[in-house]
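What follows is a structure written as structure tokens; I'll ask about it next.
We just call them A, B, C, D and E in the order they show up, numbering each chain from 1.
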Amino acid sequence: QETIKVGILHSLSGTMAISETTLKDVMLMLIDEQNKKGGVLGKKLEAVVVDPASNWPLFAEKARELIAKDKVSAVFGCWTSVSRKSVLPVFKELNSILFYPVQYEGEESERNVFYTGAAPNQQAIPAVDYLAKEEKVQRWVLAGTDYVYPRTTNKVLEAYLKSKGVKAEDIMINYTPFGHSDWQTIVSDIKKFGSAGKKTAVVSTINGDANVPFYKELGNQGIKATDIPVVAFSVGEEELAGIDTKPLLGHLAAWNYFQSVKTPENEAFIKQWKAYKKNEKAVTNDPMEAHVIGFAMWVKAVEKAKSFDPDKVIDALPGIEAPNLTGGVSKMLPNHHITKPVLIGEIKADGQFDVVSKTGLVAGDAWSKELDGSKDLIGDWVEKKCGNFNVKTGKCGGA
Amino acid sequence: MLSVDAIDLHYGAAQALRRVSVTAEIGKVTCVMGRNGVGKTSLMRAIVGHQAISGGKISFGGEDISKLRSEDRARAGIAYVPQGREVFPLLSVKENLETGYAPLPRKERYVPSELFDLFPVLKSMLGRRGGDLSGGQQQQLAIARALVTRPKLLVLDEPTEGIQPSIIKDIGRAIDYLRSKGDMAIVLVEQYFDFARDLADTMFVMERGEVVLSGPMAELDANQVQRLIQV
Amino acid sequence: MIALATLLALQPSAASAQGSPQAADEAFTRLGADSFSDTNRAIEILIANAHPQAAIIIEALADGRLLAGGGAVVVKTKDGKLLDARTGAALASEPPGLGAVRLNNGVRRNIQAALGGLGLLNPDAGKRIAAAEAVFKSRDVSVLPVLETAIGKETDTRAKAALRQAQAAILIAKADAPPFDRLAAVDVLRERGDQDALATLRSLPGDATSALKDAQARAITDIEGKLALWRTAQNLWYGLSLGSVLLLAAIGLAITFGVMGVINMAHGEMVMLGAYTTFIVQEVIRTRFPGLFDYSLAIALPLAFLVAALVGIAIERGVIRFLYGRPLETLLATWGISLILQQAVRTAFGPTNREVGAPAFMSGAFDLGGLAITWNRLWIIVFAALVFGALLAILKLTPIGLQMRAVTQNRRMASAMGIRTGRVDALTFGLGSGVAGLAGVALSQIDNVSPNLGQSYIIDSFMVVVFGGVGNLWGTLVGAMTLGIANKLLEPYAGAVLGKIALLVFIILFIQKRPRGLFAQKGRAVEA
Amino acid sequence: MNASVPGALTSSLLYLDGVSVSFDGFKAIRGLSLTIEPGEMRAIIGPNGAGKTTMMDIITGKTRPDVGTVMFGGSVDLTKLDEAAIANLGIGRKFQKPTVFDFHSIEDNILLALKSKRTVARTLFWKTAAADAKRIDDILGIIKLGDARDRLAGSLSHGQKQWLEIGMLLAQDPKLLLVDEPAAGMTDGETAETATLLKEIAKDHSVIVVEHDMGFIRELGVKVTVLHEGSVLAEGPLDQVSANERVVEVYLGR
Amino acid sequence: MITRFLIQGMDKRGLVFLAVLAVLAVLVPLANLLLPPGSLLHVPTSTMSLWGKYLCYALLAISLDLVWGYCGILSLGHGAFFALGGYAMGMYLMRQIGSRGTYGNPILPDFMVFLNWSELPWYWYGFSSFPFAMLMVLAVPGLLAFVFGWFAFRSRVTGVYLSIITQALTYALLLAFFRNDMGFGGNNGLTDFKEIVGFNVQAQSTRAALFSMTCVMLIAGFLIARGIVSSKLGKVVIAIRDAESRTRFLGYRVDRFKLFVFTVSACMAGVAGALYVPQVGIINPSEFAPANSIETVIWVAVGGRGTLVGAALGAVVVNYAKTVFTSGFMAPYWLFALGALFVFVTLFMPKGILGTAQDWWARRKAPPKPSPAAEPAPAE
């Protein structure tokens, strides 16, 4: 019987393997499960796994291979923005579909890409609002790894905080290189910044490997969440699995999903995942949920279009709804981003998060309202057939 | 003591030794002579195990050592003073000498004081790095280092090269002394005919990888030898 | 802020005063409401009404032992018994639908403040100091009376000082306190002289008299001046600490690369193996012998050394020994080996970080004058020094050390001297690898334990060894410390990224001045 | 040769005065003074460690003296120049330990040494002229390695490398040749031949030879300088210095 | 003079290599453009792009072999020159986007608009001109190599010390280019290219042309490198590799020779990078990663150091292996395979693929010339 191929483009080696490998596994599980349900349009799905090895040119090469050689119907993949940027031209040229499951800096809406992770407005801003309201935070440290996602997020946040009346001297911005491991100076700077008599919080866009030593240093220097809370956008259950979380009690993370959310959907998913991994300690996290949603949406769109043809599926996708695991129903928007709730969680001693706040569904903005260059832009692939439509000039193609 | 039996030796495809046979007795000095590039050093390397032979057999004290590793030959009592000195450049003179302790039992691990009588300069330079020494000083160190191991067979490849005349005489006397002690066989490669003639009990002359003349020194015709090593 | 006006009543001796039962009812309803603001309010009510169970309930709440559900509020004691929160009576059976009352940072802060007030008269001096610290941070005016009583009774000097500081923190912000007391409070805070004192001083409200403001300003400059000095010292300490990490990471390489000349790209993976050994040891201890946890690192050290050394020996015997005299090819082979080891660990342990915990003696920090010193960093410095000393002794004082150096300088001649070169090579590589394994144990305390661990140290390690001067152990020490300290002194000015770039440029320029590293070997011997 | 260079400070080709150098406190050369006239051949002898090789290191720029004057051709201060510049002035050297280019053929070793402009552009677009080829052939003949011209220099025996070094020195055609122990490792016959060769060269070059082989020195028949502990102990014809008590004591022995 | 320079010392191996490249340069694009996709001989565009990438790496490998194999300079930072050439090309391609960017700004590239930059930084001037950009492709890596080498070679930094500072150089550039403030697009790099000299970069015909161009540049690079190493300068450079100070005593100014070779090599690496970028579609700071440069060294070692053709072969073999290993059932375990390949080559092919093949060939045909024994290892 003929099968339909689905590409999985996640790094299984190199620096990003640490994050991306589980996403490959979750995709395999979802495809497996779909096949047990009889596949899609009566055809079985077949996963094609490749390893782009955390190497950006290799991402492009592998994307081309998946689409041109393996003839996959859709690809689920990428983590870092640069890997997405690297495969973008390939997806455009060969006209295929990419589901991208990770929070990112926004400023993009492409016909061939569906963004199931959070846009900045679905993560950063609600988190800051929570801290300002619940913890009465008045002074902010924006600490991040020196690359585009943190820079952008911090730009958006800086503009936002200033619009809320926070003074420039109450914002400290700090960047560190990838894999930064000696946090002594920075943590003590944060401590110092936090001792100015105003309630202070850290908004962390520190990425990947650098987080563990950062949190270890926080713990050792005795910065408690009750003194200076840290809210992170890139630290989830998986990252915490590598740290002793007892000293980190109460520090926060903002995501659209936490494993600890008690809904029947989520509990079923966690059970399935643990069974699939044959590991009682296996954890779930936000980008995994994004793939769950994305995959469900793709299946529905294919069924709606009654075809695997990318063009038809791309057209069918906006408007498709799929339940998320936190008890709502997410919807694919015309800008190829989805609606998601924003959850704030506090770290618990067992490495899980205690959800302390949850919003309703927030629609993902492809273009940030806080940035001058993009405040008038929208993505609309339904009406305008355009990813960067300028509402002021009424023209497609930016400014 | 040492018996080299019809050995061949190749560098890649080039043959450097052809069926060379040499013997050395305890209490005797065996001298090997020959022009540049005839294979003297190659023969010494074969004896100490630095170069594998491709035919023949080398035995030492009655045992076949052809297949032994260099270090095991050293432990069996073969010491080597190579051409080109090869002292350990970054080790001090003292440490260079101490490398000779390796094959010795613990209680014999000391530098015999006669060595410093023989090469007084070494005593004054114990702390200097071997590589910093002058050429002749290095040569003296190389000989002393070999003697630290209390060998049964001492292999000397041009030990007088670069050494001042007075010390050459001392080395001659030392070799004489070592022979007279009667517990060691000595194989000496030498270019100075006079020096060799004075010391040698047995002489082997080589030409193009082969032994062309050999015998007890007393029975050899000095002129014939000299002719062979002439250009 | 929580009203603690009648806090004295909470003392068992004065347990007669009772609040209104309605208020208590409200508190218990709120505790069951699963909302942070309700929980906060409940704490306030319990304290305000001096509920006899308040201390027990709040402590339970802090520990996550307060359960609520279906109208019941239950305290679970530390030994697992269930008590009715209201009465303290033991419960026969567990009421259905109980869940822990949840906390967030706001609630936690309130609890701390409340417990601070409650702990001021605790018989344990340590607890009193902790309580005083909590009050110092919360600056809760309502605690003042208790605080004063406590100061009156206090005999322990350290506790007394802490209580005075807490009192000062409250007084300075208390507009209606006697001006003289407030001035005295400024002095007490100046005396304390740390970052928190500064914060407290800065929080002086705008209503203050000019005299008070002057005193405050002076105290602040005073403290800031002192802190600036301490900060330099602190940066030096950080530098030392980073330097010791670099030293640990590099020192094994100083053997395999520096002494043996093997361009050992798999060095980082040896460090990684050490870290994973630590992980396994802790895993076994966690599941089998939880009591040994504090000794886990001591147990891991020899094992990590052994594991890394054995793998090192296997690599040397299996691959490297065929490559002597071809140093550059060792780069190719060890790069291959490093890929294999990384993937092997990834396959065996998964790609994600593994948790390595800190034993009690390595957690937390203490103050030394104005220096905040974290225990783990201190131990790492000590450990690095010990490893360095031991290695130096092995290399310089033992016969095997001499043989190692002889073998690397001239392998064939060494064998002609009767040195067992094969064994020495294996031992040397094993030693270098084993030391890398030891480094892994230490690094597991401050960094990720993941398959990428080794990669993140390999470049720095080579920089250190080369910067210090290849083949010189002292060079590695001084190189590591120089780079560590330079990095930490640059960082506050340039930031972490530019600081690192500046450091790399510094290395490039420095090598121009000293083309053979910091501790260059000179003279003929080097060229020979 | 160029004794009449305007501004020359001395008429000597090589002029060392008051040169001292020490290594970590050890004085290897102390107040050494020496002059070599154009066209002169000088033999230098002296105990091991007397400083003979170090002296050549100083002349060729490998070692910088702590104090002292080193002048070449009357006006060039050698202590200010690097090795390449000194070599290009016309000072060639044979090393005590033979150092040749192991991975080049014997012929290429000679070619690299052959007198020519040493600029990047010249070497990049170099074409071996007939005269050059002939010169290489001649030298290969002299050092008796003509048959082995294509062999890699690394595969030569110790003595053969000595010869190759001598050949390279000839190819350089320098004004001043510094020859460190040319006869070491050579048979008596070869030693004699080397002496003849050097005498031939000395007809139109200046030469400094260091040797421990008294037969060889005698053969050369030139003025001898005896170095001891870094300075000149005696100077004169060989017979005269060999009669010197001190020289016998520290060097020749009894 | 030039032709003699280019053909001197050309051996059979080199001729075969050139012939293969010439054939590829012509036939592959034709097979891609003219033959229908179904045809047996049709070369799919993806295969052609892939091989275009390999050939860029091959040029990089040749440039490294020139300095390492012949001059003994183990550069662990050659990726920097490659990346700089790539960035120069990337900047040209960015400027070609014009107002077709997402924000539609005719002057500023998207990432600048997005960072609220109001004007083009000065160092972006001129890059809209193709000739200028091509000049920069050579000049930027060349100049960096020249300045860096000028200091390092004069100070006589050699061996591992040189290797490590080249690594420090590329590492510093990596960190610098990561910074958004540098004006090169930070981590996301330069991407979303549209046109090159007026042709759509994505178009099949453009890809074919780029492929041919890569072959041509590889031929040119090889000829230049071959010319250099078989000239007398090549012999000097090998002499420097094996006995640097001896070379100095012969009167050669070692620093200048090294500087020449290093600079030429850097320019060549820059060209490789420039050809790479339009074919891959992105340039990002990770091209500066020290690991990339180390990998390049490994290609050369695998193929055969000091053989030029071997270096190119090594680049293609390793990268082809990567392509194959990272797909299919091997994907989770491919590092085992690649690692084992490296270990295997070192142990059993000590002179690399080409060197070993050559030995084997020679042994079959004629008894070998004696080679220096293990004792005098070439200086590094």
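Methods note: a contact is a pair of C-beta atoms (placed from the backbone, for glycine too) under 8 Å apart; a residue touches a chain by one contact, two chains touch by 3 or more.
Predicted, not measured: the structure shown is a model, and the values here were computed from it.
A.B. asks: Of the chains shown, whose Cα mean is nearest the mean of all protein Cα atoms?
C.D. replies: Given all protein C-alpha atoms shown, the central chain works out to be E.
A.B. asks: Taking contacts as defined above, which has more of them, B-C or A-C?
C.D. replies: A-C
A.B. asks: Distance from the CA centroid of chain B to that of chain E, rounded to the nearest Å?
C.D. replies: 52
A.B. asks: Just curious, how far off is chain D from chain C if you go by their C-alpha centres, in Å?
C.D. replies: 65
A.B. asks: What whole-number Å value describes the gap between the mean CA coordinates of chain C and chain E?
C.D. replies: Here the centre of chain E sits 45 Å away from the centre of chain C.
A.B. asks: Determine the centre-to-centre distance between chain A and chain B, using the mean Cα coordinates as centres, and give it in whole Å.
C.D. replies: That pair's centroid distance is 75 Å.
A.B. asks: When you check chain E against every other chain, which residues touch at least two of them?
C.D. replies: 175, 178-179, 245, 332, 335, 369-371, 373
A.B. asks: By the touch rule stated above, which residues of chain B touch at least two different other chains?
C.D. replies: Residues 11, 14, 132 of chain B touch two or more partner chains.
A.B. asks: In chain D, what residues contact two or more other chains?
C.D. replies: 23, 155 - these are the residues of chain D that touch more than one other chain.
A.B. asks: Spell out the residues on chain C that touch chain A in their complex, using ranges where they run on.
C.D. replies: It comes out as residues 36, 102-106, 108-109, 112, 137, 195-196, 198-200, 202-203, 234-235, 238, 241-242, 245, 342-343, 346, 350-355, 357-358, 363-365, 372, 374-377, 445-452, 455-456, 487-488, 491-492, 495-497, 500.
A.B. asks: List the residues on chain E that touch chain A in their complex, please.
C.D. replies: My answer: residues 44-46, 49-50, 53, 99-105, 111, 113-116, 175, 178-180, 186-189, 191-193, 202, 280-282, 284, 286, 322-323, 326-328, 331-332, 334-335.
A.B. asks: In the complex, go through chain A and note every residue touching chain C.
C.D. replies: So the residues of chain A touching chain C come out as 12-15, 17-18, 21-22, 134-135, 146, 174-177, 179-182, 184-186, 188-189, 191-192, 195-197, 209, 212-213, 216-217, 219-222, 225-227, 229, 238-239, 241-244, 247, 250, 346, 354, 356.
A.B. asks: Give every residue of chain B touching chain D within the complex, in rising order.
C.D. replies: 11, 14, 33-37, 41, 83-84, 121, 128, 132-137, 139-140, 158, 161-170, 191-193, 226, 229-231
A.B. asks: Give every residue of chain D touching chain E within the complex, in rising order.
C.D. replies: Residues 60, 62, 82-84, 87-88, 92-93, 95, 99-104, 108, 111-113, 118-120, 123-128, 150-155, 168, 172 of chain D touch chain E in their complex.
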